[in-house]
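Same chain, two partners: chain A is paired with chain B first, then with chain C.
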Partner chain A sequence: MVGQLTVNERKLAFLILILIAVVGLAMAITGADKLFVVHGLIIFLSALGTIFLVISGYFLPPPDIENAKHYYDDPTRAGIIIAMVWAVFAMFIGDWVAWLLAFPEMTFDAAWASFGRLRPVHTTGIIFGFGGNALIATSFHVVQRTSRARMPDNLSPWVVIFGYNLFCLLAVSGYFIGITQSKEYAEPEWYADIWLVIIWVTYFILYLRVLARRKEPHIYVANWYYMAFILVVAILHIVNNLAIPISLMHAKSYSAFSGVQDAMTQWWYGHNAVAFFLTAGFLGMLYYFLPKQAGRPIYSYRMSIVGFWGITFFYMWAGSHHLHYTALPTWVQTLGMTFSAMLLIPSWIAAGNALMTLNGAWHKVRDDATLRFMMVAAVFYGLSTFEGSFMAIRPVNALSHYTDWTIGHVHAGALGWVALITFGAIYALVPWLWKQKRMYSPKLVEVHFWLALSGTLIYVFSMWNSGIIQGLMWRTYNESGTLAYSFVQSMVEMHPYYIARAIGGLFFLIGAIVGCYNIWMTVRSARMLAGAPEFETPDLGIASAQEIKAGEQA
Partner chain B sequence: MFNFHYRLERYSIRFAILVVIVASIGGFVEIAPLFTIDETVEPAPDMRVYTPLELAGRNIYIREGCYACHSQMIRSLRDEVERYGPYSLAAESQYDHPMLWGSKRTGPDLARVGGKYSDYWHVVHMNNPRDVVPESVMPSYRWLGRNELEPADFDLHLRAQQKVGVPYTDEMVANAINDLSGQANPDGKRAEGVLARYGEATNIRDFDGDPTKVTELDALIAYLQILGRLTEVAHQNPVMKKLEGPK
Partner chain C sequence: MGIEERDRYTGHMTTGHDWNGIKELNTKVPKAVWIFLFISFVFSVICWILWPAWPLGETYTRGILGTDQQKRVDQVVERAIEDRAIWTGRIMDMDYGEILSDQSLMQIARENGGRLFLDNCAACHGKKAEGGPGFPALKDTAWLWGGTPEIISESIRVGINSGHEDSRASEMLAFGRDQLLPRDEILTVIDYVQSLSPVSADQEPKQDRNAAGKALFLENCASCHGENAKGDVETGAPDLTDDFWIYGGTRAAIFATVWNGRKGHMPAWQGRLSDVDRKILTLFLLDLSGMDVDGRSNN
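Let's turn to the complex of A and B:
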């Protein structure tokens, strides 16, 4: 890894890490509360560990001049492996909290193991750890291929990966020990937020630099989505996290916004984290890997354009549907509901465009579980966007809000769409990157597919049931005109569904572990073959960008 | 349109700028007016700020992730009003940085839980929820009663609250640390200061039943007991009065 860096880049890496270590050490020494000190130490030790890594390769001979002529894929390889580690960790935590709701004594009298602290560990671990690393890794791959350009330098992609994972580590370790802002999906405190801004700017500049070097006149649609993901997440992150720390030596801060304005800002962020992290980014993934794996060009260039700009424009209005019937002014609720309904159009255009791309390749969907992962992901994307628009309608929301239906909806998207497209992309990418003909075991890919699909269905169906039962019980009146059920009665009814949900989640987790094993064995056989003549991977070459470009331009 | 796009997608910076503009419109139209339109938050002249002990309790509520299972937002729906009380008004969370409206009710709404149960009920419930609600799936929070509250920096908390716009007086900031323990010691000298600064109606009690120390449980119960009681404005709301009918 360090051997790939030029001598100057090694020096720079060393300097950056020293700087980070000094900041971490300063936090640990001056920190006025214990939690802040712990985070200072984590930053210091992360930088120190990486410094040793750099030193171990510091005096290696400088990289071959030939290197600059090839795509730079080491950061992608690392990103994929890190993403899978996060996946297994965060899905394990997810399943644990699912069992906690059925058997609450599993907290063992330990603060860090209680539901309220583990829940953000699960959500952050999945969204940022698994999803974010997968997005960064695949975006590095896609932007180089579709631009026919190499990374401008070897260091920036590593800065992004190291820095981003340091952010994830600070976030997740913080919840365990009690550091959180409480804003859903934006829980990390002010210093972690500032750090993420720095990394995100580095990421965006790197992306622009690759695009600036491109030999393709046009920017491919996958990059539009990746760019929207990077840019809009930056806007959302900065605005929603505006806060005043109680001092520069404390972890705690107070949000700049309060009450109704804070609620609107939070759900403008929260819903668009779904839109631009969990949708736009993964649509970028879909628009590259699905046509590639199917061997077909994207069905329609025009649908790509309409879908992209529709999603970019409409989504940002939809956040207020999280606040129906609350103290938020009704005009904002109505706008949110209206745009949520309209959002179905670009969403289905994007999903339809993906599915129509498979025309002529459906036999491959039948035979190839990797492509089937992507196909089913597109179907789930279509289904959960329909469900989302439906749930945003005010009277429907009166029933669904605050219930498990929301949880079911989120997981139809997170398991069925985000995770399945990621697994599909990873199964396509791993043999390409490690120069193998195929995954170590296509059978295990098949096993993973069916575990993931059945797990998702069990999960979603149990949450639909529990959510709708809950919602109905809360609003049922008896003949004398009073409420028929106490809250506790509705809770008791949830028990069987909570167990079913935890089993569905377990299936999904086992699938991910099978995937890890398969990826590991593929990488290992690649290492054992090192030195042997490489397989030709013709679809990786220079021609790829043109091959998959839309058919009907101009 | 497609010809325009065919040219646009050749320039990365132009494309990026257009993405930012298109994506910013929705948020700008929906969020900015909330800060300027006066009717967004109704006046609540009787409303007081959280005492230091209540604010410390609120921070524990945040730290433990209580908001993941409990909402603090009663919607304007008949069944919610009958189950939980008058629907929540914007004014009631105007000093909440951040708000804790929540998004999920694994447990019941807490917007008006203040005064609904005794302190002792809360102590038992936090130690083991199943002792008072056998069907409960809430974790036990035994460590709250063991952990002593660390008040050393509490003036900084109030100072930061002041900076984000909560009307704490400089006197409140200066006395924050004393008031923090004063509220949990009804017989101590510091209690009077709390009443003077935060009003005669402030709860001055040893909330957790352990007079030897001020614990995190003291703070959390002090917070839970004030939920929905910082202002009467929701009860005086004319729409609510009509719903409730003549008394």
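Let's turn to the complex of A and C:
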């Protein structure tokens, strides 16, 4: 890994890590609260560990000058492995909290094991740990291939991967010990947020630099989506996390916003995190891996354009539907509702474009679980965007809001769309990157597919039932004109569905573990067979498509 | 720039772009898409016309329905209060005895009281009002502060050690911790106290110490619990001769109580629950423990 860096890059890596270690140490020494000290130590030790890694390769001979001609895929390989580790960890925590909701005494009387702390570990671990690493890894692959350009340097992608995972580590470890700024999906405190800004800007610039070096006259759709993801997430993250720390030596900070403005900023962020992190980024993934695996052209370039601009424009207005019937002024709610309704059309254009692309390749969908992962993901994308627009209508929201229906909706998206497209992309990418004809076991891919699909369906159906029962019980009046049920009665009705949900989640988790094993065995057999590493070189002439079959490159 | 070609399967032309083997068809956007986009836009415009929607600097478009959610909530709440006034008025006007003998009103009190109890009281007093460690049962006839409707209703209104200005106040001294009594005397008085209660003796009380225990009891405890240990509803001191123990009747539990003292807490519900809701809860409790207006059990 370090052997691939040029001598100057090794020096720079060393300097950056020393700087991080010094900052971490300073936090640990001057920290005025214990939690801040713990995080200082984590930063210090992460940097120190990586310094040893750099030193171990520091005196290796400089890399072959030829390397600069090959695509740089090591960061992608690392990103995929890290994403799968996060997946298993965070899905395990997710299933744990699912059982915790059915059997609340399972907290062992320990603060760290309470629902309030474990839940953000699950959400952050999945969205940022699993989803984020998968997006970064695939985006590195896709932008190089579709631009026919190599990474401009070897260090930046590693800075992004190291820095991003340090952020995730700070976030998740913070929740366990009680650090949070209580903003959903933006729980990490100010210093972690600042760190993420630095990393994210590095990522953005890196992406632009690759695009600037492109040999293709046009920029492919997948890159539009990845760019939208990186750019908008930066804006959302910076604005929503504007806060004033109580001191530079404390973990705690106070938001720059208050009251309903705070709520609106938070849900503008929260909803667009769904839009640009969990949708735009993964549409980028879909737009590359689905046509590649299917060996079919994208159904309609024009639909790509309309879909992209529709999604990016409409989503920005939709956040207020999270605050229907609250202190938020009615006019903001009406705008949020109507833009959410209009949003359905471009969302379905994107889903439809993906499914129509499969025309002529449906036999492959039948035979190839990897492609089926992507197909089902597109279907779930369509379903959950319909559901989302539907739930944004105020009278519907009156029933669904604060109930498990919302949880079901989120997981139709997170399991059915985000996770399935990611698994599909990873199963396509792993054999390409490790130079194998196929995954170690296509049968296990099949097993994973069915586990994931049945897990998702069990999860979503139980939450639909639970949510609608809950919503109806909360609004049922008796003959004397008062509420018929107490809150705890609705809880009793939830119990069987909570158990079913936890079982669905368990299926999904087992699927991910099967996937890890399969990926690991594929990588291992590649290692055992490989002599000298093979590289893939950008085709600098006019790419001749006839020579490139689906699923194979170079 | 690549060359446009015809896709054999769909018959559409490609755009001529090629990205690492990925091509695109130049298929037109289906008409249905434009139609649905138009419909969703029309839907939005209608919503914008009907309801408040667009900001205009200091103000916003009000919509021709001239309503907003706050007004609507106020209206609905007002109407609901009017609808309920038929029976809430009667419950507020009639006295407890009349209501208890009016089956239709008691049906309403049971229905609403059950829900109010589960939402507000069950967290401490238990789902079936059976009480729990630290919190008295409410379905029996033993009442710390008295069990007439007026007293129960007042307890709900002001709470116990609640900070409400009329709050009931009650505290048992920490005889051990504050060194009011030495350890062996505490054990002696516990022997005596256990001998009074039909269920509390988890080990045979030492009868020979009863005289000494009784003397200690009269000296230290009787001022609140009474000479006969029957408790006192004026100070909220519990009856020690019955079979119910708020903090547990085992020797260890009683020892903890005498050693550390007790100061229970119940929130005041005035301001959280309306007058009629508190009256309904009172009726619900009377009904639950089968008591009449004088606090006597009918069971």
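Simple rule for what comes next: the second predicted complex is superposed on the first by the 531 of 554 C-alpha atoms of A that agree within 3 Å, B and C clash if a C-alpha of one lies under 4 Å from a C-alpha of the other, contacts with A are read in each partner's own complex, and residues count from 1 in each chain.
Note that a contact is a pair of C-beta atoms (placed from the backbone, for glycine too) under 8 Å apart; a residue touches a chain by one contact, two chains touch by 3 or more.
Keep in mind the model is a prediction, meaning the values are calculated, not measured.
In the superposition on chain A, the chain among chain B and chain C reaching more residues of chain A is B.
In the superposed model, A:407 makes contact with chain B only, not with chain C.
Of the two partner chains placed by the overlay, neither chain B nor chain C lies in contact with A:528.
Within the superposed three-chain model, A:101 lies in touch with chain B and out of touch with chain C [touch as defined at top]. Once the two complexes are overlaid on the shared chain, A:317 sits against chain B while remaining clear of chain C. Look at A:297: by the touch rule set out above, it reaches chain C but stays clear of chain B. Look at A:65: by the touch rule set out above, it reaches neither chain B nor chain C.
Legend: residue contacts after superposition of the two complexes on their common chain; A:261 is shown touching chain B, with no touch to chain C. In the overlay built on the shared chain, the residue A:329 is in contact with chain B and with chain C. In the superposition on chain A, contact is made by A:181 with chain B only, not with chain C. When the two complexes are laid over each other on chain A, chain A has residues 217-218, 301-302, 325, 329, 335, 339, 482-483, 487-488, 553 in contact with both chain B and chain C. On the side of chain A, the complex with chain B involves touching residues 32-33, 100-102, 104-105, 107, 109-111, 114-117, 119-120, 175, 178-184, 208, 211-212, 217-219, 224, 227-228, 231-232, 235, 239, 243-247, 250, 252-266, 268, 276, 301-302, 305, 309, 312-320, 322-329, 332, 335-336, 339, 398, 401-403, 406-407, 474-475, 477, 482-483, 487-488, 491-492, 498, 553-554. Looking at the complex, you find that chain A touches chain C at residues 145-146, 148, 216-218, 220-221, 288, 291-292, 296-304, 306, 310, 325, 329-331, 333-335, 337-339, 341-342, 344-345, 348-349, 352, 356, 359-360, 478, 480-489, 542-543, 545, 548-550, 553.
Those residues of chain C that touch chain A in the complex are listed here as 1-2, 7, 9-10, 14-15, 17-29, 33, 36-37, 40-41, 43-44, 47-48, 51-55, 60-61, 63, 68-70, 80, 83-84, 87, 108, 111-112, 114-119, 122, 127. Listed in rising order, the residues of chain B touching chain A in the complex are 1-3, 5-6, 9-10, 12-13, 15-16, 19-20, 22-27, 29-31, 34-35, 37, 39-41, 59, 62-69, 71, 73, 75-77, 79-80, 82-83, 87-108, 129-130, 133, 135-143, 150, 153, 156-157, 159-161, 163-166.
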